[in-house]
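Should a chain be cited, it is by its letter among A, B, C, D and E, assigned in written order, with residues numbered from 1 in that chain.
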Amino acid sequence: MIQLSAVSRTFTGRSGTVEALRGIDLTVAEGEFVAVVGRSGCGKSTLLRLVAGLLPATEGKITVAGEPVTKARRDIAMLFQRPALLPWRSVLDNVLLPVEIYGWGKAKHRDRAQQLLEMVGLGGFEKRLPHELSGGMQQRVSLCRSLIGEPRVMLMDEPFSALDTLTREELSVELQRVHMESSATIVFVTHSIDEAVLLADRVVVLSPRPGRIREIVEIDIPRPRSLGRNAHLEEVARCSADLHELLMERDAPAATGTKGR
Amino acid sequence: MIQLSAVSRTFTGRSGTVEALRGIDLTVAEGEFVAVVGRSGCGKSTLLRLVAGLLPATEGKITVAGEPVTKARRDIAMLFQRPALLPWRSVLDNVLLPVEIYGWGKAKHRDRAQQLLEMVGLGGFEKRLPHELSGGMQQRVSLCRSLIGEPRVMLMDEPFSALDTLTREELSVELQRVHMESSATIVFVTHSIDEAVLLADRVVVLSPRPGRIREIVEIDIPRPRSLGRNAHLEEVARCSADLHELLMERDAPAATGTKGR
Amino acid sequence: MTETVAASAPVPASPDGPAARRRADGLATVGLPLAGLVVAGVAWWLTTSVSHLIHPAVLPPPGDVLAAFRAQSGLLMKATLATALETLVGFLLSTVAGVLIGLALAASSVLERMFAPLLVAVNAVPKIALGPLLVVALDWGQKPILTMVFLLCFFPIVLSTATGLTTTPADLAELSRSLGATRWQAFRKVRLPAALPQIFVGLKVAMPLAAIGAVIGEFEAGEGGLGFVIVQFSGVGDTATAWAAILLIALTSILLYFAVLRAERLALPWVRETTSAR
Amino acid sequence: MTETVAASAPVPASPDGPAARRRADGLATVGLPLAGLVVAGVAWWLTTSVSHLIHPAVLPPPGDVLAAFRAQSGLLMKATLATALETLVGFLLSTVAGVLIGLALAASSVLERMFAPLLVAVNAVPKIALGPLLVVALDWGQKPILTMVFLLCFFPIVLSTATGLTTTPADLAELSRSLGATRWQAFRKVRLPAALPQIFVGLKVAMPLAAIGAVIGEFEAGEGGLGFVIVQFSGVGDTATAWAAILLIALTSILLYFAVLRAERLALPWVRETTSAR
Amino acid sequence: LVTGCSGSDSDSGAAGDGKSLEKITYLTSFGNFGRDSYALVAKEKGFFKDAGFDVDVKPGNGTGDNIQAISAGQAQFTPLDLTGILLARGNGGAKDVTVVAAIQQRTMAAIVSLEGNGITTPKDLEGKRLADSPSSVVRNLFPTYAKLANIDGSKVQWVNGTPQTLIGTLAAGSVQGIGQFVVGKPTVEAVAKGRKAVFLPYSDVMTDLYGNVLVVPTKLAKEKPEMVKKFTAALIKGLEYSIANPKEAGEILHKNVAASLAAPAAAELELMAAYVRSAGSGSAVGSIDAQRVVRSIAILQGAGAIPAGLTPEQLIDFDLAPKS
C-alpha cells in the first residue's frame, strides 16, 4: 500500500539545515498496522507528512497504492500532532468537515459523527466551540474527524498523547476494532511502547538525527489484543523489552543538537 | 504554600454551562511535590489556572503563601499544556522571556538558558524559530522557560506529554533534582501513573464532571527515586495499582457528556 | 464569553446580577461615545465662541451651525438620506467587488504581482482628478457617484481580503490540503472564515471612505445630497450650513461604522473568545 | 523558507539551483508588475487613441501624455520630488502618531469607546472641506500639507494597530499574564510583535492615501509639487501635462508601497513561515 | 517646494528710503493664471516695494475659501468676484470683508459653448444642457440673464460640475455649454482641440455687474486706510502695466511660477483688458460706482438670490477706492 524507497528529507532554514530523515526504506502492506516509535525530534511527524503528500521528499520515492505521491489524496486521512480544529466551527461541524469536503450528504453522516463523538466520550459537547474544550477533548475531536471519512489509509501522529490512561486504553481498543472492521492501513506514531505492542503488526524504530530506521520489530500476537490480561503475556513482555532496549540505545550521531543528551 | 478551600469553577458559554470543578479543598505544603491525575476534561488545567491567578474562581478561596490570589504572581511559574511559544522569537529568546520580564540581566542568564536547553537535549537549536521544531521539542523549550525563573511555585500541565519514554524519564530525573535543590513547591498534572508515583509526595485523583477530589494518595518512597531498579519496588507497585484502580472507577455522575463512556 | 472572563484578572464575582451588568455595559456603549462627542463639542465651542482662536468664517461656532441646521433642517435631512443611501449602496457594492478582487489576487500570485501595483496606482490618484472622466463616461446621477464610492473604498477591502486569505494559519491550511480539498473548498471552508476578522478590519477602514466617496461624487456629478449642499452653501459663504452638512456626513459615517461593528460581532463571536483584548 | 516549501504541494525538486530560481523569482518580481503596467497602458491606448471612446480632453491618449512629460520633464521631476518627500515625511509622522493613538485606544476601553466615533467622524469628513481651516490655522507651506497627509492616512493605521493589539492570541496573552508582565511589558514583548502583521496591513492601506493627502494639501495650501502642477496645467487646458502629473503620483505611490512591502518582509519573516499563502 | 513667489531679488532687505518694508500676504483669486498675474507683475516691477510693501503672493482657492482666509486675517488682499461676495453677504457670510477697489469694471462671467453645438445666440440655449457649480455667479444669475435676453430660462437644463470638470465635459460633448469667465477662451479652445469657443458674456445684457474686486479684512480697512490705499494703488499700477504689456506679464508669471505658462497667460490678459478698462464710461481703472453697485444688488434681489436690505456701503468702502 505504502512504499518508501531511499527517502530523505532535509529542512533548510536561515539558521542552517536539519537533516530530518535519511535513506528511509519502508513498505507497508495493505491492511497493515504499523507503529512508529522514536525519540522526540527524530522525524516521525515528518515521515507521516511525506507519506500524506504534504511535504515533498528531498530525495527518494514514495508511492501509495502504486501511485507516486505528489499531493494529498482523499483516501488518506491524516491526524495531526496538534488538533488543528477550526475555531469557528462547533465540535460536530469540525468532525463533519471531511464529509463536506468529500461532498457527501451531511445529513446522512451527522448520525455517524454523533456516534463517533459518543465513542470518544464527547457526547453532549457537539455544539461547543473548540476553545471551550480541554486539550484532551480537542484531540479526541480531531480523532473523530480522521475516522469519519472511513479512509483506506490512516496516518496518526500521537493521537492519544493528551489523554489519560483509561481513555487511552478504551480508544486503543476502539481503534483496533475499526482497523479490523475496515481493514484500513494504519501508520501510527506513538511514544508509548505498550500502545505500539498492543496495536501494531510491526513497530518501526527510528533513530534520531538524522532519522533512520534502526530496526523493525514484528509483533506476532494474534488479535484482538488487550492490555493486561491476555494469553500472550510473555510475548508482549519480550516485544516491549526489545523496543525499550532499542529506544534506550545511545547511538551518538555527530549531528548538531545532541551534545546535551 | 497553596491553599484551596471549597473552590468551584463553572464556565458559561452560549451552549450551556459546564461545571469544571466543584468544592475543591486542597493544601499543598511548601516544598511539596503534588501530582494531579484524572480523566481528560476533568478540570486539571482549570485547577492550575485558578491557582496561577489566571482565572477567577466562581466560588471558594485560594491563597498562595498566605495571600489571596487575585492575579498572576511572579514567584509562580506556569507551564501550559500547549507550548505557547512566541513565534517571532528564537528558542533561546523564548527561554529568556521571563528573565526579560523580571528585569534581570539578560547576559547573565544566557548561560543558564543555554544549560537548560542542553539539559533537555536542545543544544544547537538556540537560534531556531519555534515553527522549525517538532512538537516534543517545543514542549521542552516551554519547560526550559518555566525553569529559568527559579520560581518558588511551579504549576506544570502535562509537561512531558509529547515526549518519548526515554526523554521523559531523563527529564523526570532532572525535575526531581531541581525540586530537591530548589525546594520549590510543584503541582504537576500528568496522565502517567508511573510518573506520578516517581515524582510526587502526594497524588491528587480528580473524578470527572464536575471535577472533585476523589482521593489523595500519599507516596512514602524516599528520594531520590528512579523508575525500574529501586529498593521500593513493592511500594511503587502498590501505589500504582491503587491509583490505577481509582482512575478506573466508573463513578457515573449524571452530568452531560458521559453517556458515551 | 468565557474567555473574556478568563482574559481578565480574577476578581470576586460582581454582586450585581448579569442584568445590572448589561445595563451598565449598555450605558457605556451609548454613554461613552456621547461623552466623546461632548468633549469634542466643548473643544469646538472653546476655540470658536470663547477664545475666538478661529474665525467663524472658517469654522463657525456650534451655535451658528445649530441655527443653520434648524433653518435648513428639511433640506439637510433629505440630503442626508440621499447621501447615506449612496454611501450604503456603494459600500455594499464595493464590499462584494473588493472581496472578489481580493480573492482573485489571493488565488494567483501571478495576478497579484501583475495587478497589485495597478490597484495601488488607482488608489493613489486623487479622486477629484477623475471627476471629468467619470461624468463623461457615466453621465450625471447615481452611476458616477457609486463609482466614486467604489474608487475611494475598494482598496482597503481588497488588501485586507487578499492579506487575510494568504495568511491562513499553517496548520489549518495543512489540514485542508490533507483532506484533498479543492481550491474552492479550501477557500470556502477554511481560508475565508479564517480571513474574516481581517476582512472586517478592511471594511471598517472602508466605511468612512465610502462616505467621502459619496460626497466627492456629489461634488462632481450630484444633483442632491450633502456634497451638493456643501458646495452650494460654502460657495455662497454660508459656512454654517456647510458645516452642518459636514457634521451630518460624519454622523452618518459613525452610524454606518457601528453597523459594521455590529455585523462583525454577530458574524465572528469566536474571535473575541480566542483572542485577548486587554 | 521551509514552511513555504511545506505549504506548497510536493513537487520534484527543481533541477535548477537556488541561484536560477532566485533569478526567475527576481524576473517575476520586476517583470510581472511591468506586464501589468503594459496591460493597463495598452487598454488606455485602445480606449483613447484607437477607438476614441473617451475624449482626449477627459483622458488624453498615452502619446500626448508622453509628449507632455518630455516637454515639462524638469518641472515634473522637481514637483515629483517635492510631493514624494511630503508623502514620505507625512507618512512616517502618521505612522508614529497613528500607532500611538492605536495604542491608547487598545490600552483603554474607555478611551476607545469615547474617541473611536470621533476618529471615524474625522476620517469621514471630505478633506477638501478642511482646506481653509488648515490654511488659517497653519499658514501655507509644509505644515498644512503634512497635516492633510496625516488626516487622510491616520485612520487605517490607528484602526489596524488597535485591532492588532486587542486580538492577541489567547494563549500568548495568558502566557504574559502568567509571567506577571506589566502592561507595558506585555505590550512590548507580546502584543506589539503579535500585532505587527496587522499594523503592516494598515500601513499598506495608508501609503497611497498619504500620497493623495500630499496632493490635496498642495491643492489647498501648496505652491509647488504635483498637486499644484495639476491645478495649473489643467487650468490652462493642458490636460496631458496634468495627467502626466497624475501618473507620477501613482508611480511614486507604487514605489513607496513596495518599500513598505519590503520593510514588512524584513521585519516579519516569521509570518510567512507560520502561515500559508496559497 | 516653493517654486515662486519669493521671486525677485529686488525686494530683499529694506526699502530704498531706509524704511523697512511692510509684510503683506496677497491671495490670487484662483491658482496662478494670467488673469491673476498682475500682482506678481506689481511685485516684480517693484511697484509694491516702492510703496513700502514686501508682498507674498499665494495662490488662492476660489471665492469661498478666499473669503475665509481674508475674514480670518490670514491674508490681507485678494481679488474676488463682486457678485460672489454679494451672494455670500446675502447668505450671511463675508461679514468681515470690505471691498476697496474694482479689478474688472464689467463681469467676465459668460456662458461658453463650442462651435458646432448650435449655440450662437442666447435664444439657442433653450433645450440645451449646461453645466456649472450650483454656487456660481453664472448659474445664480441665469434666470435674470434669461429674462433680460428674452429667452425662456426654464427650457434650459442645468447640471452640476466643479470648476475642474467643466471644460472637460464641454469638450467631450456631455453638455453643450458651461459657465466660464471670458478669459477662459484660450483654455477652452486648448482643451477642445481646435474647435472654436462661442461666448455669451453676461455683460452683454447686464452692464452694471462688476467682475473681480479687491477685498481686504474690514478691520484692516478701518485701522489702516492709508496703507490699504497705497497698496491698492500699487496693485492697480501692476494691473495697468499687465494689460498694457501682456507678453511681459506672462513671462513674469512664468518666471515666478514655473508651472504657469507664459503664452496662455498673455492671451488671457489680452482678453481681460477690455473688462478692466471700462468700455464706454471712461472711469479710471479700479474705481467703483455706487450707483452701478446698487443696480447690481437690485438684479440679484430680483433673481431671488439675496434678501432685501443690502446696501453698497455695507460692503464697499468708497473712500478707499480709486477715484474716477
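Simple rule for what comes next: a residue touches a chain if its C-beta (ideal position, glycine included) is under 8 Å from a C-beta of that chain, and two chains touch if they have at least 3 such contacts.
Only a predicted model underlies this, so the values are computations on that prediction, with no experimental measurement involved.
Common neighbours of chain D and chain E, listed by label, are C.
Contacts with chain B and chain C are shared by A, D. Of all chains, the one whose mean C-alpha position sits at the greatest distance from that of chain A is E. The centroid of the Cα atoms in chain A and the matching centroid in chain E are 84 Å apart. Centroids built from CA atoms put chain D at 47 Å from chain A. Mean C-alpha position of chain C lies 18 Å from that of chain D.
Residue numbers of chain C whose C-beta contacts span two or more other chains: 2-3, 6, 9, 54-55, 58, 128-129, 132-133, 136, 170, 174, 177, 219, 234, 273-274.
Listed for chain E are residues 64, 68-69, 72, 164, 168-169, 172, each touching two or more other chains.
Among all residues of chain A, those that touch two or more other chains are 11, 13, 54, 71-72, 82, 129, 131-132.
For chain D in complex with chain E, the touching residues are 54-58, 75, 78-79, 82, 86, 131-132, 135-136, 139-142, 219-220, 222-225, 228-229, 231-239. Of all residues in chain D, those touching chain C in their complex are 3, 6-7, 9, 28-29, 32-33, 35-37, 39-40, 54-55, 57-59, 106-107, 109-110, 113-118, 120-129, 132-133, 136-137, 155-156, 159-160, 163, 166-170, 172-174, 177, 197-198, 201-202, 204-205, 207-209, 211-212, 215-216, 219, 227, 230, 234, 242, 246, 249-254, 257-258, 271, 273-278. If you check the complex, the residues on chain E that touch chain D are 1-5, 30-33, 58-59, 61, 64-65, 68-69, 72, 74, 164, 167-169, 171-173, 186-193, 257-261, 264-265.
Touching chain C in their complex are the following residues of chain A: 52, 54, 71-74, 76-78, 80, 82, 84, 86-88, 97-98, 100-102, 129, 131-132, 149. Those residues of chain D whose C-beta lies close enough to touch chain B in the complex are 2-3, 171-172, 174-181, 185, 189-190, 193-194, 268, 270, 273-274.
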